[in-house]
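Note that the chains are named A, B, C and D in the order they appear, and that numbering of residues resets to 1 at the start of each chain.
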Amino acid sequence: MTRGSRKSWQYFGLGLAWFYLLLWPLLGIRDGALHFAETTAVWLRVALGATLCFALYRLGKAGRLDAALKPLAAARDAVGNTLARAPRWMLLLPLAVFALSYPVLTNRYAQDVAINVLVYICLGLGLNVVVGLCGLLDLGYIAFYGVGAYTYALLSIHYSLPFWVCLPICAALAAIAGCLIGYPTLRMRGDYLAIVTLGFGEIVRIVINNWMALTGGPNGLLGIKSPGIYLPQLVDGSFSFEYLVIRKLEYLYYIILALAVFTIIAVYRINFSRIGRAFEAIREDETAAELMGVDTFRFKLLAYALGAVFGGLAGAFFAARMRFVSPESFTFIESAMVLAMVVLGGMGSIPGVILGALALVALPEMFRGFELYRMLAFGGAMAFMMLVRPAGLWPAARLGKRSDDTE
Amino acid sequence: MAAILELEGVCAHYGRIQALRDVSLHVGEGEIVTIIGANGAGKSTTLMTICGIVRASKGDVRYQGASILDKRADELPALGLCQVPEGRRIFPRLTVQENLDMGAFLRRDADGIAADLGMVFRLFPVLFERRKQHGGTLSGGEQQMLAIARAFMGRPKMLLLDEPSLGLSPMISQHIFRIIRNVNEESGVTILLVEQNANMALKLADRAYVMETGAVVLEDTAAALRENADIKKAYLGQ
Amino acid sequence: MDYLFQQLINGLTLGGVYALVALGYTMVYGIISLINFAHGEIFAAGGYLGVILLSYMASQGVMDNHPWFGLAFALILAMGYCAMLAMAVEKVAYKPLRSSSRLSVLLSALGMSIFLQNGLMLTQGVYDKAYPTEFTHGGFEWLGVRVSFMQIGILAVTGLLLVLLNALVFKTRIGKAMRATSQDKVMSALVGIHSDKVISTTFAIGAALAAAAGIMVGLYYGSVRYDMGFVPGIKAFAAAVLGGIGNITGAMIGGLIIGMVEILAAAYIPHGGEYKDVFAFVILIGVLYFMPTGIMGENVDDTRV
Amino acid sequence: MKARSIILALVALCLTAGTASAATLKIGSLSPLTGSYAADGNDIANGTRAAIAAIEKDGGIPGFDKIELFAEDSACDPRQAVAAANKLVNEKVVGVVGAYCSSATIPASEALAEADIPMLTPASTSEKVTERGLPYMFRVCGRDDDQSIAAMKFIKDVLGAKTIFIVDDKTTYSQGLADNVEKLAAKEGLKVIAHDHVNQGDKDFSAVLTKIKDAKPDVLYMSLQNSASGALMLIQAKRTGVTAAIIGQDAVYHPQLMEIAKDAAEGMYLTFGYIDESTPSYKKFMAAYEKFGKPGAYSAYAYDAAYSLLSAIKATKSTDPAKIKAELIKTEMQGASKKIKFQANGESGSNYIIRVVKDGQFANFWDPQTGKKY
């Protein structure tokens, strides 16, 4: 055993002792007496598990597991290389086939989770424009989702406008909201912007919650129509369209799939356009970008509006899918979740954000088996994933450090 | 003359880019040694590697005969090894006085600190005048003086100086170099000086190393290098 | 008139609570530029430790004979516990990410916040825990204004901690080391400051303050709950930014302003109660619009911490 | 213990996945197990568990070896509630007890309705829950409008109040109730001094309480979603010096109200469904619930919901929703909480009475039907 590894085991042991000290008061002092058995039992389990993981980690680091890991690594590299060499359509085709055939293969619950994942992919990619591309920390992004959802809800209830007509209206209103919020806040930098966007997000939620006449307040809005489509039909030789209201999950799945694909393509195009380069210039060094002639304020506002558009689209779909909206869906924690998807996936990276959305929507669902331990496992997993992959699951290729980050 | 600092085959990397290749050098006790070279030659990286801010990937750094490679950066000032880093790195929102106190952070002898404070205020009277101002409000030359004075406050046995003349007028530069010489002569502080201004550096130093693209290419006494034709052409602008 | 004064007292008390929590935010932010989302949970943990210890001592009869001793004892132990907790969180979730992007740490903090909140829920249950409030009911009435001893206590403790903290940061060696570390980590290492230790200490101090706040809140409002840290956490963060993040006096002023705005909005504006958070945030946005670095913030080159 | 229960849960999960044969009857519960309403949510899940235990103790349901509960977390969030509902659809449960927040119940019920799964809510009192024409939506608790009528009658007849101050905390439930009271008060000729709102999760009510102290109303109608918030408001009301009679509602009805507020809760009135503690049903419920601690406001309702669902299955020997519905409507059952007789629209009627906190206990106080004190 080398000196380094002995030292790390010492730290590990100290950590476990520390953990016992932290755990004991919470479990051991109750009913006017001190208990030790329970704490020890819980602690022993955690300690055993942690020791096992730590031993494996140390062994792996010391190269003892190379015999087992090397072929795995080689296989991974081989697969990676083949994939890298394969043309893009060969990768996308199976993915597309899978996405299209998904509802046929799965049950209601899986479809429901998939719909949620796709909604969050739209949201995550929208926020990605703001945070990942432009480097503006936005903690109130969910406000645009709310604007989109309530816009469609109100238009559908009061004016019976069809979903497809409302979609662009929702996007436009969300963009306007983005500009309204962006205008006073975008002069601020870094974390000041973060708290101000958080504030705006909360303001939007509180207004939704309190403006009884318009939004129904906490009661929410009921009676939103599902999206419908006109299906061509041949009846008695004459060609006509039948209006079909989409309520079934499978059809809703295809609608949100289409929206998500649209979002992916749009964000991809933005990413590699002149605008995208301007965004990145702002992210890397705002002052330098300004000196290079980039109108930073205008572009930041544009980033905000563009991000808001996708939030608005996702919101409109959400309202149509739930046929009910209420303020509970637009809380700060939702903003934080969307941000988590972007950062966890890899800022500025489209496949990363998709992975992030998948992870953060699917994980709590997977943990449903844990019942009460669900959110505990989720929080732990979130921190753990960040520790293992600080740059995200699938980091973007072009990404420097923001000048604010330098020490 | 016993070597107080020795580098032996040191390599260092920034990510995948190799910044130092097999750098070996030594500094004798009480010497003034300078490293000259162009931008990006690896001079500052050498100092940062000595101090443990940049980790050496190969080779050894010995200070007073013992390897200091596995020491953290913050353990070195206690051994008398202090650095005035590139860009001065004054604490901008600490007052001048507090900046100086930070230099003596590891020392516990209040009397000695007070005496040294008097000493640096004598050396740099302008710092005494501005002792209540924030470090960030000083001019470039004053900041450089403060940075050097702060390093003096640690009562170093050896001082690593990174580009003390950068961005300063020739007059102030000369003033600062004079003080460095005085401290070396009076207190016997060993000095390793990194400079782009080869002219001044070679006038001050006893010995010198020339670095190019991360490696030491030449080593000689300062006097000899001043006469070296290549050096004259490349670094002294003659 | 007494109505106004009563509301002012209410606002001061609420502001005092925010200020205590904000102090921890601002200290941690000052040193590693991290919005420490888990801070609110540390505050909740402090409240829980307080109720656990106080109930235990009450069952042993300590609270009947020496209530003030019991309270002080619980306060100190809870502060110590939370300091340990915060240091553990820092070591596990933040330190390995020190050289990563700031957002990675932010997310890790969010994960820790969810983890700790649910950890509290699992170990302590989903129901509110009642504080023994018998000995905090006292108060007096003066010119029609009711002031309870707990309100005075909160303000006194907040003020005292502010003074102590300022002394710590500006007069002591560790305080100077903290400020130096927050301004330039490389240089502070070069003068011999062990930055990991300083950062750990900062977390510990911030957490101890949060624990004190947790106990004060428990005593004042009468109960604690596992999710009690979230809302004050956000408000305190807003307060810290309002005052100029990284600035201790600023956090205090920010906390008092937010508390005051909330209470006065609820007291005087029609529908103010439901929109009071809107007013708090509008004030925040307004102040930041005109004073981009907050009330007490210093105008420094913003590429630095 | 906690870790053991994780492992047990996992083992149970594996086992049930392995043995899920036709002999298992699956029912679901939907309630917020995490988040701010976890307390009430757990009461609901536990009430359902107690009902299953009671039925199994009576010999179970013929044709099924065991009854299995899927207790899903709705988190009081529409999205998660729908996901959980769809999960229950997947598990092919024959009926669902839940949810808690009306904003979760409404969208979740739509998802369940598509699969024709009966849903019995023990807690969502919003009128909209049953007024959407869903065939298999039932409500075991009372309705907001009935509760407010009882409260108003009490305020007028017994307290003889002239002025009233209303506070709610802006949830579908609490605000709906408060709005109803406000309307009724205006009709009855009471002066509504103000109808103020506080926010969810607020701890500090000093501003509004100072207002109330200043306005000196005869009655403070306190419509809060959460018993702990209610307790905090009571403590602060006492400290501020509010002298008005305080009336709350069933969401605040929970033992922890007195645990936290202690003497500050004394004399508070609450509207609550009349529980006849002398009936055998109630005693049976208490026996089955014992291992979960003291029942909360919705424990008995959840118990009754699950009990009547299971009884209907037992009686019809079928899991066909139409037959279950017919059976539910046909029979009258003495439940733990009240006499339950479902109508075609899914309502089961309400019988709100006034209870009071006396010596740290809830006690029956006044019956609006008879107009008499107990």
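In this text, a residue touches a chain if its C-beta (ideal position, glycine included) is under 8 Å from a C-beta of that chain, and two chains touch if they have at least 3 such contacts.
Because the structure is a prediction, the values reported are computed rather than measured.
Novice: If you apply the touch rule, which chains end up adjacent to both chain B and chain C?
Specialist: In this structure, no chain contacts chain C and also chain B.
Novice: Suppose chain B were gone and every other chain stayed put; which groups of chains would still be connected through touching?
Specialist: one piece
Novice: Report the chain whose mean Cα position is at the greatest distance from that of chain A.
Specialist: Computed centres place B farthest from chain A.
Novice: By the contact definition above, name the pair with the higher C-beta contact count: A-C or A-D.
Specialist: A-C
Novice: What is the distance, in whole Å, between the centres of chain A and chain C, each centre taken as the mean of its C-alpha atoms?
Specialist: 29
Novice: Just the number, please: Cα centre separation of chain A and chain B in whole Å.
Specialist: Computed from C-alpha means, the inter-chain centre distance equals 49 Å.
Novice: Once you find the CA centre of chain A and the CA centre of chain D, what distance in Å lies between them?
Specialist: Measuring from centre to centre gives 34 Å for this pair.
Novice: Measuring from the mean C-alpha position of chain B to the mean C-alpha position of chain D, what distance in angstrom results?
Specialist: Distance between chain centres, rounded to whole Å: 74 Å.
Novice: Among all residues of chain C, which ones touch two or more of the remaining chains?
Specialist: If we look for residues of chain C contacting two or more partner chains, we find 118, 121-123, 184, 186, 271, 274, 277.
Novice: Check each residue of chain D and list the ones that touch at least two other chains.
Specialist: As it turns out, chain D has residues touching two or more other chains at 2, 34, 170, 197, 199.
Novice: Please list all residues of chain A that touch 2 or more other chains.
Specialist: Only 206, 209-210, 372-373, 375 qualify.
Novice: Could you run through all the chain pairs that touch each other?
Specialist: A-C, A-D, B-C, C-D
Novice: Show which residues of chain A lie in contact with chain C when the two form their complex.
Specialist: 15, 18-19, 21-23, 25-27, 29-34, 131, 137, 184-185, 187-192, 194-196, 198-200, 202-203, 206-207, 209-210, 332, 336, 339-340, 343-344, 347, 372-373, 375-376, 378-387, 390-392, 401-407
Novice: So in the complex, the part of chain D that touches chain C is made up of which residues?
Specialist: By the definition above, chain D touches chain C via 2, 34-36, 38-39, 41-42, 170, 196-199, 201-204, 206-208, 210-211, 213-214, 228, 231-232, 235-236, 239-241, 256, 259-262.
Novice: Can you list the chain B residues touching chain C in their complex?
Specialist: Residue list for chain B touching chain C: 51, 53, 72-78, 82-83, 85, 89, 91-94, 98, 101-103, 105-106, 136, 150, 154.
Novice: Under the definition above, what is the set of chain C residues touching chain D in their complex?
Specialist: 3, 6-7, 10-11, 13-14, 17, 118, 121-123, 126-128, 130, 133-134, 137, 139, 146, 148, 217, 221-223, 225, 227-228, 230-232, 262-264, 266-267, 271, 273-274, 276-277
Novice: For chain D, which residues count as touching chain A in their complex?
Specialist: Touching chain A: residues 1-4, 6, 9-10, 13, 33-34, 71-73, 76-80, 82-84, 86-87, 89-90, 101-104, 106-107, 110-111, 114-115, 126, 128, 132, 170-172, 175-176, 197, 199 of chain D.
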